[in-house]
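Several structures are given next for inspection.
The two complexes that follow have chain A in common; it is paired with chain B in the first and with chain C in the second.
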Partner chain A sequence: MTGVERDRLARVALGRLAEPGDPRFAGLVAEMGAVELVDSLIGQRDLGGVLVDIEGRVDAVGPERELERAARAGIRFVIPSDEEWPRQLDDLAATEPLQNRCGVPFGLWVKGPLRLDELAHSVAVVGSRSATSYGADVAADLAAVVARAGHPVVSGAAFGIDQAAHRGALAVGGRTVAVLACGVDRAYPMAHKTLLDHLGAEGAVVSEVPMGCSPTRLRFLARNRLIAALTRGTVVVEAAVRSGALNTANWAGRLNRVLLGVPGPVTSAPSQGVHQLIRNGAATLVTSGAEVLELVGGAGDHLVEEPRARTRPRDRLSLRDQQVLDAVPVAHGARADSIARTAGLGLLEVRSALTRLQRAGLVEAGEAGWRLAALAHT
Partner chain B sequence: MPFATAHTVSLHGALGHLIDVQADVSPGQVGTTLVGRPDASLNEARDRCRMAIVNSNLEWPATRRITILLSPADLLKRGTHFDLAIAVAVLAAAGKLPRLALEATAFIGELTLDGGLRSVPGVLPMVLAAAERGVRRVFVPEPQALEAAMAPGMAVLGMRSLAQVVAELRGEEVPEAAPVAPMSGSRLLSWRGSQRLEEVDLADLVGMADARYAVEVAAAGGHHLMLSGPKGSGKTSIAERIPSILPDLTSEESLELTAIHSLAGALEPGDGMLVRPPFSAPHHDASKASLLGGGSGQVRPGELSRAHGGVLFLDEFPLFRTDVIEALRQPLESGEVTVARRDESVRLPARGMLVLACNPCPCGDYSPQAPANACTCPEVKRRDYRSRITGPVADRIDIVRHLAPLRPHDRSDRFGVHESSAQVRERVELARARQAARYAGESWRLNSQAPGPLLRERWPLPDEAQRLVDDHVYAGRLTQRGATRVHRLAWTVADLQGVDPPGHEQVDAAVRLRTGAPLLLTTLERRAG
Partner chain C sequence: MTGVERDRLARVALGRLAEPGDPRFAGLVAEMGAVELVDSLIGQRDLGGVLVDIEGRVDAVGPERELERAARAGIRFVIPSDEEWPRQLDDLAATEPLQNRCGVPFGLWVKGPLRLDELAHSVAVVGSRSATSYGADVAADLAAVVARAGHPVVSGAAFGIDQAAHRGALAVGGRTVAVLACGVDRAYPMAHKTLLDHLGAEGAVVSEVPMGCSPTRLRFLARNRLIAALTRGTVVVEAAVRSGALNTANWAGRLNRVLLGVPGPVTSAPSQGVHQLIRNGAATLVTSGAEVLELVGGAGDHLVEEPRARTRPRDRLSLRDQQVLDAVPVAHGARADSIARTAGLGLLEVRSALTRLQRAGLVEAGEAGWRLAALAHT
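Showing the complex of A and B:
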C-alpha cells in the first residue's frame, strides 16, 4: 500500500473518530501526521486527552469498508495530497478557532462531477433560513450573474437563501456546490432531496462529515468555516442578528476573504445582521451580481459602471451659457436686454451666448424675442 | 264583466316588481288609453299589440273603449316586454280567453307586428321576482326559455308567437310558428375575449412566488389587492388568473350574477347559468356610468356589478378619472351599487374583488431593475402619478404587492413553484369552507366582509399576536384601519394553513401583505407543504 493510500485510510478513520473542526485533532494531525495518530488511538494510546472522548467510536472504525461503500455510491474522498484538493482550505491551518471550531479538514467527501480545485474563484452566497422572498430573489439573481460569469457558487442546502442561490446558478447552467453538515449521502432537509440529487449529478455535494452522519449544531458551525475558506468571497444576503450566516461571515473575515453584504429595508429583521456587518465596516455593500463580480474577480476584470442619470443637452453647456439659458422664458419671447437683466450678465455676452444656444437648438428667436426651444425641455 | 288582469314584471335594477296589467273593454268613446306611468317605448305598445292581435287572426275590440292600467300606478314603467301581458289582458277582457288561465301566470315578451314574440333583456331577474310573488307559470320568448328556467320551481313556456300563447291558454293545440330573429346586437363575433380567460392557468407563470401567495390569500378571503411594478412584471397576467383559483359561485351569487348579465343584455341564449366567477377589466377611460351602472332609460349594470362574485381589474389605476375612483368607495363598503335617478333609486349587487394595478411612474420603467435610465418621466409627473395611488380607494385595499420584472433565469428555474390553478383552488376552497363554518348564521361569508368590531370581540387575536399588531401601530407602520385589515388578513392566512386562531406567524404574514413588505419564505413553504 502506498503512503498516500495509507494516509487516505487514516483520514477516513479520523473522520469517524473526531467531531469536525475539533482544534485538538487539527493540532495532532499537523504534528504527527494522520497515520501515526490513528495507529496510536486505535492502540489505545491516549494523546492530549482525546481518547476519553472518542473511546466509544474506536470499534466503529473501518476505513476500507467505508471507501468501498462510497465508491459504489459514486462518492470520493479527497485529501490534501490529492491533485483535486482545494489549496485555499490550507488557510484554515493558521486561523484562530471560532466557537471552538477550526483547522483544515482531514479530507472531504465529494459527490458529483465538479472538481474541488475548480473552486479557487468561487463565491459563497449565504443567508438565514428565515429569509424573505426579497432575499431569495436577490440571492438567485446574484448567483445567476456570478455563475454566468464562470464563477462557481457555493452555499449550504438549507431553505431560504441557500436554496435560492443554487436555483439561480442552476438556471443559467452554472456550476454550484452545496457544503453539508451531514453525510453527503443524506438529504437534509428532506424537502431538498431533488435539489441535492441534482447537485450530486451536475455540480458537487461536499462534506467533511462521514457518510450516514446526521447534522448537529456543532457540525453546522464547522461546516461554515469550509464555505468561507473554499471561496474567494462570501455574500451575505439576509441574516438576522443570531444566525449561522453571520458565523460564516466571521470566518470569511478571519480568513481575509472578501465579505459582501446585500442591504434590505431598515425595518426588516432578516436584514439586521447584514446591516450590522456593513455598519461595522466588516462587509462591503453590494446591490447586484455585477458588483459582486467586481470585488471577487481579478483586479479590473469586471468593472461596474456607476449608475447615472441620462445626460441632457443642457448638461454640456458652460456655466455662463447655462446661466443665460435659465433666464430665457419658456413661452413668451423676451428681448436680449431683458434676458441680460434676468441673468445678471452683460448684454454683449448674453447676445453671443444666445447665438451659441440657438446653434445648439436650445433657444429660438421669434417675433417677440428669444424663448426656449423644444430641445431645452428634455 | 269586460275586465281582465294579466301579470308581468317591471325591473328597477335587479329588483323586480310584479305588475298587474288590467284591461277594460267596454262601451264608450272608441279608443285605447294606457295609464300607469308608461314611458315612451311602452306607450307604443298599444300599436304593437293591436297589429299583433289583428295579424294573428284574432279580433281587436275596435268598436269599444279600451283602458289599460299598469298597476301599481305610481311606479314608473319602461321597456317593451309588457306587450304580451297587454295583448293577453285585452283578449281576456274581450272574452276571447278564459280569465282563469291568467291566474298565477306572468307574461314577458315584446310583440312584432305579425304577432311574433321577441326576446327582451332581463328575463331571469323578472322571472325570479315573479316567483317570489307567487307566480307559478311564465310565458317567455322561446330563445329565453332556458334562461327563465334557471329560476327554481317555475313552469316555463317558451313561445314563438302570440297565436301560440293564445292557443296554450285556451287549451288548444299549439300551432307552428316561424322562429323569431334573436335580440338585436347579440353575438356579432363568434370568438370572445372571455373565452381566452377560461384557458389561462397559474401554471403558465414562472417565478412570482410572492404574488402567487398574495392572490391566493386574496381569493381565499375576498380581499382587495393592489399590484404595483414596472412594465412587464406580470401584473395583468397574474390578475387575470385570479378567477381560475376562485371556487364556483354559490347558487345565490350565481343567480344574482346571471340576473345582472341578463339585465345588461349580455346573456347568450345558450349560456345557461353563470357559475364561474367573472373577470372584468374596464379601460381607464371608462365613465362612471359604465363602471358603476346607469345609462339613459333602463339602468344598465356597470362593470362593477358584472364582476359580482368575481374580479374587477383596474389596470393603470392612477389613470382612471378621479370622480370614477371616488365613486367606487361606497360600493366597495356596502357590496352594492346605488344609482339614484329623479324618480327612482336602483340598487345592484356588486360584491367582487377589486384588483388594482399601477406602474411606478407614467411610462412604467422607473425601476432599478429596468434597463439603465429607461424611465423618461419628469419627476413632477412621477410625483403626480404616485399621489394618485394613495387615496380613499387605495385605503380600502387589504393587500399590497410589489412585483419585480421577470429575470432571464426565472424561465429556466427547475425548482420554482409551478402549481396549477386547480391545486391552488383546492386550498382556497378549503379556506373558504373554514370561514363558512366559523361565520355560520352571520350575514357575511368571507373574512374581508367581517365587520371590524365584531371580529375583535368574537374572533380576537391571541395576546402575543395582538401585541405584534400594536407594535406596528405604535411604530406608525399601520393605521388603526390598517390594523383591522391585518386582523382580517391574519384570519385568512390562518384559514389557508388550517390554524385557529391566527398566531404570531400569521399576523406577521398579514402585516407584510398589508404593508407591501416581502413575505417570509417560511410562510410560502408552509402553504406548499
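Showing the complex of A and C:
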C-alpha cells in the first residue's frame, strides 16, 4: 500500500473518531500526521485527553470497507495529497477556533462530477432559511450572474437563500456545489432530495462528515467554515441577527475572504444581520451580481460601471443654454429680463436661448412669463 | 446707524445683486466686507467682472424697504454678527465650489420662532421627491426619533422624503426647519403651503434668497449646501442615482459632517443612490433613528445596543447540557450512545442530560431515538 493510500485510510478513520472541526484533532494531525495519530489512538495512547471522547467510536472504524461502500455509491474521499484538493482550505490551518470549531478537514467526501480544484474562483451565496421572496429572488439572480461568468456557486442546500442560490446557478447551466453538515449520502432537508440529487449529478455535494451521519448544530458550525474557506468570497443575502449565515460571514472575515452583503428594507428582520455586517464595516454592500464579480473576480476581470442616470434632455444643451435653463423658475413664470439677471447673462442672449429651449420642449411661455416645462424635470 | 445695521443693509442688498452661492461674491465679501463691496458695486466699480451680472439688478436694491416689508410679514434677516447666527455655517468659508456654488451666505431670511443657533445639534433628513411609501415611512419614523431626542430636523419641504421628515418631527412635537430655494414668503411646492405655514408658525422656514424670489436649479444647488452645513449630519433616505439629495450628501462629506444612508431593496430605483454612497464608503449605513442618534449625537450621548436576537431556550442551559443538545441530530433520531460519542461525553451523563432536555421541551424521544424538538430550533 502506498503512503498516500495509508494516509487516506487514516483520514477516513479520523472522520469516525473525531467530530468535524474539533480543534484538538486538527492540531494533532498537523503535528504528527494522520497515520501516526490513528495508530496511537487505536493503540489506546491518550493524546491531549481525546481518548475519552473516542471511546465507543473505535468500533465504527473500518476505512477500507467505508471507501468501498462509497465507491459503489459514486462517492470519493479527497485528501490534501490529491491533485483535486482545494488548496485554499489549507488557510484553515492557521485559524483560531470559532465556537470551538477550526482546522483543515481530514478529507472531503464528494459526490458529483465537479472537481474540487475548480472551486478556486468560487463564490459562496448564503443566507437565512426563513428568507423573504425578495431575498430569494435577489439570491437567485445574483447566483445566476456569478455562475454565468464562470464562478461556481457554493452554498449549503438549506431552505431559503441557499436553495435559491443553487437554483439560480443551475438555471443558467452554471456550476454549483452544496456543502453539507451530514453525510453526502443523506438528504437534509429531506424536501431538498431532488435538488441534492441534481447537484450530485451535475455539480457536487461535499461534506467532511462520514456517510450516514446526521446533521447536528456542531456539524453546521464546522460546515460553515468550509463554505467560507472553499470560496473566494461570501455573499450574505438575508440573515437575521442570529443566523448560521453570520457564522459563515465571520469565518470569511477571519480567512481574509471577500465578504459582501445585500441590503434590504430596514423593516425586514431577515436583513438585520446583513445591515449590521455592512454598518460595522465587516461586509461591503453589493446590489447586483455584477458588483459581486467586480469584488471577487481577478483584478480587473469584471469592472462594473456604476449605475448612472440616463442622459437627460438638458445634458445635450450647450453650456450657455444650460445656464439659462438653470435660471428659469421651477414654478410661476419670470420675464426674460429677470431670467437674464438670475443667469448673469445679457438679455438678447437669454431671449434667443429661451426660444431654443422652448423648441426643445424644456421651457414654456405663459401669461406670467417663462417657466420650466415638465420635460426639464426629468 | 450702527456698524451692524449698515452691515445688515449691505447684506440684504447683496442678496438682490448676487445669486446665492456665487463663488465670486462669497470671495469678495470675505475680502472686503459687505458694506465696502456694495458701495463699490453701486458706484460701478467692476470687481472680478461681476458688474455685468448685476446690471439690471441694481434697481431692485432697497434694503431698508425690504427689511421693513419683512418685519411686517414676521420675517427677520439674520447675519453673521447676530447672536442667533448658526456658527457652523462659517465652515462654508473654506469650501471649494461644487457645481459652481459655495461660500457662507450673506445672511438668512427666517420666518418662525425657532432660533437658528438652536440648530447646532440638528440633523438633516433628505431624499427623493419620488419616494416610495417604504422610504416615506422610514423617514418619518427616523425623524420622529431624532426630534424626540431633542435634535431639530432640517429638510427642504419638498415632496417625498422631505415632507415625511418634517411630518415625522411635527408628529412628536419636535423642532423642524425647512430650508428653501425660494423666498420664505413663497410656498414651493404650492401643495405644501399648509406644511410651510405650520413650519413658519412652530419651527422655522429659512432661505438665503430674498423674499419673492422663485426657485431655480441654481438656487436648489445653493440651498443644498446650507442644509448640509447647518446640520451635524445628513441622513439620506432614498435617492436615485441623479438626485438633489446626493448633492446635499456631497456637501455633507466635504464639510466633514456625518453622512448616513438608509438602505432599501436593491430592486428599488430610489435606493440606488443611497446604496452607492454606502458602497463607496461615503455614507454609513443606518437602519433606525437610534443608530442616527448614536452617530450624530454628542460622544456617548446616545449609545445604541446592536439588535440582538432574543434569548433562546438553549441560552438558559448549563454548558454541559448545551453540549449534549448540540450533538442531538436535527432530523431522524439517534441513540444516546451515538449522541454521547458525538458530544464526547460519558453515556450516563448524556442520559441524564437528555432527560433534562426532554423536560425542557428541547428534545423528543421517538422510535428511532432522540432528536431535536421544534423549540430547540427557535
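As a convention for this text, the second predicted complex is superposed on the first by the 318 of 378 C-alpha atoms of A that agree within 3 Å, B and C clash if a C-alpha of one lies under 4 Å from a C-alpha of the other, contacts with A are read in each partner's own complex, and residues count from 1 in each chain.
Here, a contact is a pair of C-beta atoms (placed from the backbone, for glycine too) under 8 Å apart; a residue touches a chain by one contact, two chains touch by 3 or more.
Everything numeric here is computed off the predicted structure, so don't read it as measured data.
**Q** For A:Tyr134, decide between first (touching chain B), second (touching chain C), both and neither.
**A** both
**Q** Quick one: classify A:Ala239 as touching chain B (first), chain C (second), both or neither.
**A** So A:Ala239 meets neither chain B nor chain C here.
**Q** Applying the document's definition of touch, where does A:Gln163 land relative to chain B and chain C: first, second, both, or neither?
**A** In the superposition, A:Gln163 touches chain B alone.
**Q** Where does A:Leu195 make contact in the superposed view: on chain B (first), on chain C (second), on both, or on neither?
**A** Once the two structures are laid over each other on A, A:Leu195 reaches chain B alone.
**Q** More residues of chain A are touched by which chain, chain B or chain C?
**A** C
**Q** Of the partners chain B and chain C, which touch A:Thr267 in the superposed model: first, second, both, neither?
**A** Both chain B and chain C are touched by A:Thr267.
**Q** Using the superposition on A, tell me which residues of chain A are in contact with chain B and, in the other complex, with chain C.
**A** On chain A, the overlap between the chain B and chain C contacts is residues 134, 137, 265, 267, 287, 307-309.
**Q** Note which residues of chain C are touching chain A in the complex, please.
**A** 19, 52-53, 56-57, 134, 137-138, 188-190, 214-218, 240-242, 262-267, 271-272, 275-276, 278-279, 284-288, 291, 306-309, 312, 325-332, 334, 337, 340-342, 344, 346-347
**Q** If we count contacts the way the header does, which residues on chain A are in touch with chain B in the complex?
**A** Its residues touching chain B are 129-137, 140-141, 144, 159-160, 163, 166-168, 170-173, 191, 194-195, 198, 265, 267-268, 270, 287, 307-310.
**Q** Touching chain A in the complex: which residues of chain B?
**A** 209-210, 368, 372-373, 404, 407-416, 477, 512, 517-522, 524-525, 529
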